[in-house]
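The block underneath contains the structure these notes are about, expressed in structure tokens.
Chain naming follows the written order as A, B, C, D and E, and within any one chain the residues start at number 1.
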Amino acid sequence: MFYREAGQFKTSYETDGQILPIRQDRIALFATLAVALLALPLISSPYMLSAILIPFLIFALAALGLNILTGYAGQLSLGTAAFMAVGAFASYNFMARLPGIPVLLAFALGGLCAAMVGIAFGLPSLRIRGFYLAASTLATQFFVVWCLTKIPWLTGHSSSGVITAQKMEILGYAFDTPARKYVLVLGVVAFMALLAKNMLRSNVGRSWMAVRDMDVAAEVIGFRLMRTKLLAFAVSSFYCGVAGALYAFAYLGTVEPEAYNLDLSFRILFMIIIGGVGSILGSFLGAAFIVLLPVFLNILAHGLALPTSVASNLELMTFGALIIFFLIVEPHGLARLWQIGKEKLRLWPFPH
Amino acid sequence: QVTEQFVALPSYRVGPYAAGGSGFYGGIIDYFNLVNANGGINGVKVSWEECETEYNPSRGVECYERLKTKNGGATMVEPLSTGIAYGILDRIPQDKVPMTTLGYGRSDAANGKVFPYVFPLISDYWSQAAAMIKYLGDKDGGVAKLKGKKIVHLYHDSAFGKEPLPVLEALAAQHGFELIKIPVAPPGSEQQSQWLQIRQAKPDHVILWGWGVMNSVAIKTAQRNGFPREKILGVWWAGSEEDTVPSGDAAKGYTAMSFNTPGNYPVLDEIRKKIYSGGKGNLADQSRIGSVYHMRGVTAGILFVEAMRTAQDKFGKGKPVTGEQLRWGLENLNIDEARQKAIGALNMFPPVKTSCDDHEGSGAVKVQQWDGKKWNAITPNWIVGDKALVRKLVEESSNKYAAEKKITPACMK
Amino acid sequence: MNISFFFEVLIGGLLSGVMYALVAIGFVLIYKASGVFNFAQGAMVFFAALTCVGIMDKFGLSLWLAIPATMVAMIILGLAIERVVLRPLVNQPEIALFMATIGLAFFIEGLAQLLWGSQVHKLELPIEDVPLQYLLDNFNIIVSQFDVIAAAICGVMVIVLALLFAKTKVGRALRAVADDHQAALAVGIPLQRIWAVLWAVAGLVAMVAGLLWGARNGVQFALTFIALKALPVLILGGFTSVPGAIVGGLIIGASEKLAEVYIGPLVGGGIEGWFPYVLALLFLLVRPEGLFGEKIIRRI
Amino acid sequence: MTTLHAVPSIQPAPQPYLSVNNIEVIYDHVILVLKGVSLQVPQGKIVALLGANGAGKSTTLKTISTLLRGERGDVTKGEVQFKGERIDQLTPNELVKRGLSQVMEGRHCFGHLTIEENLLTGAYTRSLSRAELREALDKVYHYFPRLKERRASQAGYTSGGEQQMCAIGRALMAKPSMILLDEPSMGIAPQIVDEIFGIVKDLNTKENVSFLLAEQNTMVALRYADFGYILENGRVVMEGAADELANNEDVKEFYLGMSGAGRKSFRDMKFYRRRKRWLA
Amino acid sequence: MIMNEPDMHFGSARKTGPVILDLQNISLSFGGVKALTNISFDVRQHEIRAIIGPNGAGKSSMLNVINGVYRPQQGEIIYRGQHRKNMDCYQAAKSGIARTFQNIALFKGMTVLDNIMTGRNLKMKSNFLLQALYWGPARREEIEHRKKAEAIIDFLEIQHIRKTPVGRLPYGLQKRVELGRALAAEPEILLLDEPMAGMNVEEKQDMCRFILDVNDQFGTTIVLIEHDMGVVMDISDRVVVLDYGKKIGDGTPDEVRGNQDVINAYLGSH
């Protein structure tokens, strides 16, 4: 009843261009952010923070990165984890080789390295399309992980290629407890999500979507395919790179290159499918879903006292079945369900 | 009020390594059940909870975080995955939950001054590599005989496969053999080119540092290229039924390391009798009782229970100990042959005696050979490699870690 | 350079390539029928092999009885997939169908292990995996007889399927379906039935691949990964071409082995994981639709 | 357009061949597009379905041919009958077999197939001998000589009009007894438009094929049709015999572009009904 | 805001300028198919130039040559005095050539407003970092272009569907949006490929009105392909007729209407 746009007239294009044109949505967003920033660190258990919320945010960021590339620019990629790896290992190296460098700068530089790698591996996209491109992005995946295992310099000459992330400090303030790590991650993710939203509602975003929807027409209108696609690869990889760095620094702590394997790429892909391809909100919903589902199923199986191997296999099957189920019920993902829900709410109590 | 000794088991029973995971965790759980059936440790029952990790670091961390606070708090964790072990390495000292890494993980964690909460019990990768070279030398009539020989290190191209390189390289320099390193891109389901290279190099020995499907494929491919399996020596993660059975006859004669002596033991019979006959066994397939992974799991169970017992001896019998106390127990383990006999596991694994300096507690291994049906030990005694060299490397590496992490190495009380 | 060694590597590579092609054909079938990249093909290979050995183990059947039983299972699986997964997804974007096959892969993997356990098994076919003595004696070249027979089986499959696509009206209808589901429905092509049949056939192809690969590597979860080896083959040969799969297989197999042996040592080895992908990628830069793939029509 | 009101409806022949009864269609769970559409096509007649953009013509046709399912559309009410049988639950394949074919709006040729292969897929449901196929092909080529010239080209590379002909020809290959034609004249050169309608009339009179024809080119459509429905905003607002509709003042004004004084020049539109000017 | 007085003396008295686009001896073939054979014609500033001809005559191909989607094997294009062998899409767009397509080529996943905004992309200058921050110049620019886009939306009378994804729109409205996207570029030459296909008379009337208005008020030159002879004869200044890739007629509507070749090949005996 209270969810209406009626009565909210926009008197300038500026207000109409706002991120969330409906006031209730705006209020909801700010409330969510406030709760996330102020209340959650205080009331959540360390388990909640360090095993659910932190990975959720990190994966959401990676999913957002992939969504920019796949959902908005239309380039299907199976190499997300590789870009994450580049970001992580590059940040590690910046921290190790430039002592005293602020950790956020190291993340940003790590992201830039990932962006560069992204551009290099995005070049084929100028000629290759669709599943051919998707399959080729696996080259990135395998090649990057191989490089990290092969080039000792990249892993600080640790004999087995394992790195231990340095402590995160900003101006002497150490982010070392789960709550502090969480706040740092939340800050980074919220800021980057805002940037993404801005990009997507201005000309860059439109250029990506145009290329996605019909690249020949985009070219005729005056978008330069090369620049647009490579920019998409760069930005997407930057996001993934930062997410990868956070994954190493704020989540795992000590990582081997294998942690960024194909499996991880696929998990991120699921997030955007289930959440919604081409939706920022979807990246978050999808990440939440994929992080929580196994936990939930695991607890459920435990509650039912199933033999563990049966439970594990059932979990795998349920996971697969749910993916299919979602695709059938709503190919545009949770974000679309959310939107339909809202549209219905707007029409409520009338059915149409 | 906590009345049980709670252990966190982030296990994996699906995915590519499910076979190993189910055997190993099955063994631990079977032994815990046995201990509980026998009345617990001074009356304290062991309890545990599993959580499926799929051998995936990120899920492993979540499992650890979830389990660590359950049932009054986990007092021990065993992830059976190097990746997960890395992921929780920083967390365990903070949470005061000791982690065992039986035969995997960081070798330098043997240094308890830097890694007070990590226990690579019995043997770690570096000790194993040293022991392998010792064995190969002895086989040829003494390590001096290795001079001028060729040894291929065929390895899983990952942190796991690269871990022993420092030891192998140091020993190659020391003994004058040629070390040929041939990596296999994971997962390793195709190795034709590697084995052709091996065939061309005509090595005297091949060390197979593999995991999962890589092992059976290696054995098969050796056969198709006519390379004698007797000359292949696998690591202990390449030395289970899961690695040889799928290769069929090709595996006959293949040798591998182990920190168990294959065979039957009273403790296994007891498990059969008290646990499986009552239908409470963890393995779906009873014939797997006493298989390599299962026995390894039982061994892990024995070590945990002994550590709990040791800790109770110090901190008070008949009540569960905390993680910190259990850490002490793990650091002061002393399982000699007499104790093994009492448990019904004499010679099933080497005697273990840990200390602050030595979280490994043994470093001794055996070599076993597959006869087409089962594994047989082919070294009567436990083998220990060049301990001094390994120790030196452990010190160097762990101190580097300590410096990076700004830890001052010290023993804990 | 030792020339006989070179040939040994080359031949070994070509034969491995055929083994890859065996898996790639399964992908081609589905792609041709629906324009979908079937990620679950690897899982189907695993399912087939595990079902076969599972039946032998649990019910003590001989291989010759287990194989037909597995065929039945694969056909049922194919039909079920069409009914439950594909039918509701007609006319959805290709990416949605692709994702659905990923979900399917998980489901099948879980199902297989739930039914038959996660143990690894051996699978013995009456073909021994040993070097052909004649070649070994006379040329000192190692060629496994197993591979030669596998190559023959693969050849037969390729010919049969290629004829099916080229010569029958079903073949034409399949190509139509891949272009436009809606229009295919509109002209009365029984999409559902065709898909069901094709998935069943893909299941049988997966079974052949599963048995051969299972005999080679043991029946274990890692069989699902051989899909990753088949992918570069597929892109190189073109998603839509059955002969492309085999030609791509030969090229990929040979060059990956040669690269590992001759380039690998220079860069630290282990390049087989990515080399085929990079090769296929470079190739695509020249021909974006692969060797024999259908040209991608871009027009406004 | 509030000036249009249903004229008293004249019931078509009592036994309808195809009848659509009060269907309601929703896209994407929220967009209500058809709000109770009913129409009948008697056997052997040509019925035109007219209406502005977005009125729901294509949706109506897709509902009949059950192709709606593929577009996330749901029929929430009503039913469709063909030859006295309910067909809403059948698959398109079964419909084609029963003799009901649709030519979709916007061409939808199989881009990678040649023109001839496209036509051949049209005959999928019929098991024809080689000679019969040849004959069927020749008939289409006879109607559309242009297709014959381009028979070996991939349809994706042919011109818009050629694709349109291909789509129509493809439907003819199934030898249907009832065709749903969605905007057949779109993008077709004038004399071919006449030919296409000629073909329609031809099939109608010689082979007794019935047609339901969604068409924007009202003038031509009404010339050839027997009966017409006018759809607006998802409702039938007017129906009647074709000549009656053609003489209706409103239809004349809005659908035929005629005012009292005959046809207006398109150039005059500049001053006609001008509402807004472009703000610079 | 300029409110032009309606131009009362059209027809012969229309003010057309000098030749702006001159196509000389253009030949284009695809493999064996000769789409265009040695075609020459010119377009004057401010005129409405129609191209007609039977299906497959090469009309769309001609437009594709003009804006650089196809490269002719032979011939020369003189655009605003510059000689070129062929155009390149981006250059063409940059130098003021915009177009619509026969098979609607809108960006299906985007809203009407966004589609129209894409048309303004060449006029947008701020870099992507500024856009990411949505700060200062970027913000101002966005709003300013939004105003222009809104003006077009008003002009085309599609305010009500501003925020609808174009994929959901009926065919006719999509055509209108596509025109809007082309107009957003403020082109000098507007190429329209069958803008009125699939419309009823009323909608065609609207479309004519838009085209005439654009032509009139901005002096935009228009090249138009259309099969509706009523429209072509009414609104175009000069007509080129193609058949089988060859030019068979060129002149004012009246001249063309009388040309026997054209009648035979295209118009038929109406």
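Annotations
By definition in this document, a residue touches a chain if its C-beta (ideal position, glycine included) is under 8 Å from a C-beta of that chain, and two chains touch if they have at least 3 such contacts.
Being a predicted model, the structure only gives us computed values, none of them experimental.
Counting only chains that touch, the fewest steps needed to get from chain B to chain D is 2. Among the other chains, the CA centroid farthest from that of chain A is the one of D.
The most centrally placed chain, judged by C-alpha centroids, is A.
Here the spacing of chain B and chain C, counted between their Cα centres, is 36 Å.
Separation between the centroids of chain D and chain E, computed from CA atoms only, is 28 Å. With centres set at the average Cα position, the gap from chain C to chain D is 44 Å. Each chain gets one centre point, the mean of its Cα atoms, and the points for chain A and chain D are 46 Å apart. For chain A, the set of residues touching two or more other chains reads 142, 146, 149, 214, 216-217, 220, 309, 313, 315-316. With touch defined as above, residues shared between interfaces to two or more other chains in chain E number as follows: 69, 101-103, 105. Residues of chain B in contact with two or more other chains: 13-14, 18, 22, 157, 185-186, 284. Inter-chain contacts, as defined above, occur between A-B, A-C, A-D, A-E, B-C, C-D, C-E, D-E. Contact residues of chain D toward chain C in the complex are 65, 67, 69-71, 91-93, 95-97, 101-104, 108-113, 117-118, 120-122, 124-125, 154, 156-157, 167, 170-171, 173-174. Interface of chain C with chain B (complex): residues 2, 5, 8-9, 12-13, 16, 109-110, 113, 117-124, 129-131, 136, 142, 144, 146-147, 216-226, 229, 256-257, 260-261, 264, 268-274. Residues 340, 343-344, 347, 352 of chain A touch chain D in their complex.
Remark: chain E residues 1-4, 6, 10, 30, 33, 53-57, 60, 102-103, 151-152, 154-155, 157, 168-173, 194, 197-206, 208-209, 212-214, 216-217, 227-231, 234-235, 266-268, 270 touch chain D in the complex. Considering their complex, residues 27-28, 31, 50-55, 58, 105-107, 146, 150, 153, 157-162, 164-165, 183, 186-194, 216-219, 254-257, 263-267, 269-280 of chain D touch chain E.
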